[in-house]
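In order of appearance the chains are A, B, C and D, and numbering begins at 1 in each one.
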Amino acid sequence: MSRVQPFEWEKPLVELEERIKELKRFCSRAKLDFSEEIANLERKAWTLRREIYASLTPYQRVLMARHPHRPTTLDYIRLVFDDFVEFHGDRTFRDDGAIVGGVALFEGQPVTVVGPQKGRDTKENVARNFGLPHPEGYRKALRLMKQAEKFGRPVITFIDLVGAYPGVEAEERGQGLAIAQCIEGMSFLKVPIISVITGEGGSGGALALGVADRVLMLENAWYSVISPEMCASILWRDSARAAEAAALLRLSPTDLLKFGIIDDVITEPLGGAHRDHAFTGMQIRAFIRRYLAEIKRIAPERLVEERLARFRKLGQFREKRLAEI
Amino acid sequence: MMMNLEEAPEGLWTRCDGCAQMVFSKELEKTGFLCPTCGHHFRIGAFQRLAMLVDEGSFTPFPPLVAANPLDFPGYEQKIKQAQEQTGLDDAALVGKAAIQNTDCMLAIVDFSFMGGSMGSVVGEQLVRCFERATAERLPVVVVSGGGGGARMQEGVFSLMQMAKTVQAVGRHSRAGLLFVSILTHPTMGGVYASFAALGDIVLAEPGALIGFAGPRIVAETTREKLPEGFQTAEFALEHGLIDAIVPRPQLAQYVSRLLEWHR
Amino acid sequence: MSRVQPFEWEKPLVELEERIKELKRFCSRAKLDFSEEIANLERKAWTLRREIYASLTPYQRVLMARHPHRPTTLDYIRLVFDDFVEFHGDRTFRDDGAIVGGVALFEGQPVTVVGPQKGRDTKENVARNFGLPHPEGYRKALRLMKQAEKFGRPVITFIDLVGAYPGVEAEERGQGLAIAQCIEGMSFLKVPIISVITGEGGSGGALALGVADRVLMLENAWYSVISPEMCASILWRDSARAAEAAALLRLSPTDLLKFGIIDDVITEPLGGAHRDHAFTGMQIRAFIRRYLAEIKRIAPERLVEERLARFRKLGQFREKRLAEI
Amino acid sequence: MMMNLEEAPEGLWTRCDGCAQMVFSKELEKTGFLCPTCGHHFRIGAFQRLAMLVDEGSFTPFPPLVAANPLDFPGYEQKIKQAQEQTGLDDAALVGKAAIQNTDCMLAIVDFSFMGGSMGSVVGEQLVRCFERATAERLPVVVVSGGGGGARMQEGVFSLMQMAKTVQAVGRHSRAGLLFVSILTHPTMGGVYASFAALGDIVLAEPGALIGFAGPRIVAETTREKLPEGFQTAEFALEHGLIDAIVPRPQLAQYVSRLLEWHR
């Protein structure tokens, strides 16, 4: 991995950690024993880190969700499952590299896995279109989910995309229809579905992979109808005010849990998933194990009914009072 | 509440977006708001659409719902109130039971003039009720979409969830073997198109209507390409296999009634 | 319609008819009464015509099937049905003009109609790709047939194409798969299906629209795995020997009826369907009425079982004798 | 009957189609008929394929069938007889029950060397029986296709009907919730590809295999265009979304056995 600039709010912490490192080097060179002082400093650094990450603003979490070293879907697949075979293609037009999918083994049980795939470098990002799917991606996803239904195996989706790709060809080939069909297909799928929002969850492009029985979300992920930047640009014609928009949109896991949009929040390592891929993977594995056990027991028809009921009740409005009519 | 044609172009003369000619507004009302020179379809409001599409006196609206402000989004209540006053609508969709040339159906009309026809909790809920009642009464559904950007930003993730909710109501109705005719008018984009509107058994569009997911401005900005001629028009959608037919406004009621009859 | 050269074998007849016309003109000019002689001549012409068309070779019938004035699918739709609404598009990539389809009224009953569409002139032929479908055409056909199934209405297909289009883009977008899926979809469709082979029935491209409960065929149509020209070019590297190949392939309605491939032969006006569109349409209407009444009575599951059984038994082979093993 | 590797390249040295180098034939047998220089997959016969794919001694073939001559096509009987003598096969498909790394399945292998692997009544019937028995015994099906032009011209319309027949057998098997792994080897074209072979739940291909409906020569003649680089290769099919994965021959048995295990 290439070196990445720390976030602005991490800078005091990074500086302190640098100082401690230097002090240690100096002591070792000078053969001095400052171990007690160093231990103290390290405790302080730990406290500082806890404080910093406990008080992140919604937009800081959005930036964490986009960290270039944050695990991607293929990373999670490697970390969470024991084996994986990737299947390609929409059987109509193209294989969309922005969405990966296939069959994986989860603790001995075959499951179908689908998710968007961001690249790690420029070349990969071009091949994967920065993880922004074309209609073919959604058609592949739906094809694999229907396959899962045929063979009665659960579906796990990972969600990390700012939206479906807004391109000429994507529109030509029916981006909107592909998303609608993916939502429809997932809604009535007669097998358990778990979605894990691992990073960005932007608009219909994200929802198209998120119509699940249990929706889980990493601590530093976001999920909304629009990205904070686009929201700011619409509200104030100034995408630089994204931080304000992020706060207005209530896109954080805490809010979404309260709203009943998601079912649980998966804690990340302190400082974000990118700091410890293995730990993040273990966390996700534990959550999937728990929720899969829960929904695997439910009969398929019942499962679909409950899934539909879950979404049926989302929305807030009131009857018009008589006086208003 | 329902009788004023409040969407009529203001002023005596209106400029046509199709041919840039000035059109006498009174003239427009007679033609169903088609430009007499080029046939351009002017955008019309829900009540005007209703008057053109359904049998007179046949429409019974559903009980009205009003938007809440689930995110406490600043200024949202005022915006809603303003839109209500301007349009005479409770929210962006007019939903009820109607008859089109003597065939009963459930009908929903999305009105652009109410916050760009965006789909918040109220539009979502009303559409779901529309499909649910149609399923219960074994009736076809006709939806006239024309909902701009699609998402109601001020309701954030709740707006997003209406996509799933409406799609599921369409899915249940469809699985009951019932007909859904989706009519796309200018403009049907974003979350409205990418949910219920795209999923009609038969998808019709008015000539020249903008149809798509991402707006043309966003596509142009993202791709830094010149957009192809006629990009995202109804004609473009037809060529690309996304809709069944383009039906000019004057023929729409007759066309739809024939479909309803054949699917009785 | 533009003037078309008569077929070689029609020339004596055409000449005789010309002579009679001239004689009539002469008599009328000269005010002579040769009406008895003319009636005699006309009887002779009629006999000649009957003789000529009774003894057509298989390849002559193939040429009749390709006559440029032969009715196309849209002609038949106009002639056979009372009303028609055309639906477009595969909902994925494109509307293929080489296949038309929609809902029509057959004697008051809605049916779904699908068929390839040849053009009448060069411009139309380019738009319709000479009636040679791309994968989108088969996907549109299948979509409309599934729609028919949802609404429980019968499907009528017309078949008149020498094959699916052998083009680069057609292959890119999965011509073979689209054909296979169309065959699969028709095979299990829970509504009555009648196919009418009206002209050419060439290879998998034709079969993809022909998996029906009743397969009817116009008198001067052909149906085989390969066109006579291609067959000749493979056998003798000489497509000019197509007439010989046509005889070998047993592609005529008489042979196919004997083989159990088709259920009935629809007689054409003497001299071919192109000589009398209205009569041909009436004929087809009568046959559809009869066979539709027959299969409409059968319960959907039973219908599918019978359809599958029909194709299951097609093929000739023998068990290997013990001595051969 | 089954033990001779009669498809091995004749002569001591064979020219590789991939890199044009001469390869020592004995060497090829050891590598699974892969070019040691460029990895090119040589075409192999049904018995060789069988030996590489299934557990030794696990294969039980179906009762043999022999082609009739339904059209009385001149010279067809002789052609069949000749092909039988040359290949040791009854017809172009070797069909039976087998085990792949200890998982039972029904297996069919289409052999190019028997009249170009074309599908007449015998191949069609054997494939149908393969899927029917698999449905009855609730077993997965593995088919290795490699059947040239696809149609058996000498059986005319009967050859065509095998497309419908096999597709229907696949459809019944699929509707019983069972797995069909379709493996496309060089070349899988025409009626073979456009029927059962395209319809696998999982469609795999060997590297470089030609896959398509119309042959490249016909496409070039019809369109009068230069064919794109790699047209109709497995790699082309993967890029265009038509197959699930490309699996090199040495990994095939292991790959397939894993799929069978996961779908037990």
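Observations, loosely collected:
Heads up, the rule we're going with is that contacts are C-beta pairs under 8 Å (C-beta built on N, C-alpha and C of every residue); 3 or more make two chains touch, one makes a residue touch a chain.
Fair warning: this is a prediction, and the values are worked out from it, not measured in the lab.
Separation of subunit B from subunit D in touch steps, taking the shortest path, is 2.
With centres defined as mean CA coordinates, subunit B is found 33 Å away from subunit A.
Centre-to-centre, using mean CA coordinates, subunit A is 55 Å away from subunit C.
Computed centre separation for the pair subunit B/subunit C is 42 angstrom, with centres defined by C-alpha atoms.
Within subunit D, contacts with two or more other chains are made by residues 240-242.
In subunit A, 91-93, 173-174, 177 are the positions where the chain touches two or more neighbouring chains simultaneously.
Taken pairwise by the contact criterion, the protein chains fit none of the simple patterns, being neither a path, a ring, a star nor fully connected. Chains touching one another, given as pairs, are A-B, A-C, A-D, B-C, C-D.
Chain contact summary for the complex, subunit A toward subunit C: residues 91-93, 135, 139, 173-174, 177.
Note for the complex: subunit A touches subunit D at residues 83, 85-96, 103, 105, 110, 136, 140, 147, 150-152.
On the side of subunit D, the complex with subunit A involves touching residues 174, 177, 179, 201-202, 238-245, 255, 258-259, 262-263.
Listed in rising order, the residues of subunit B touching subunit A in the complex are 1, 63-71, 73-74, 90, 120-122, 124-125, 128, 151-153, 155-165, 167-168, 170-172, 175, 189-191, 193-199, 211-215, 218-219, 222-223, 225, 227-228, 231-232, 236, 240-242. Residues of subunit A touching subunit B in their complex: 164-168, 170-177, 179-181, 183-184, 187-188, 203-204, 207, 211, 223-226, 231, 234-235, 248-251, 256, 259, 261, 308, 311-312, 314-320, 324-325.
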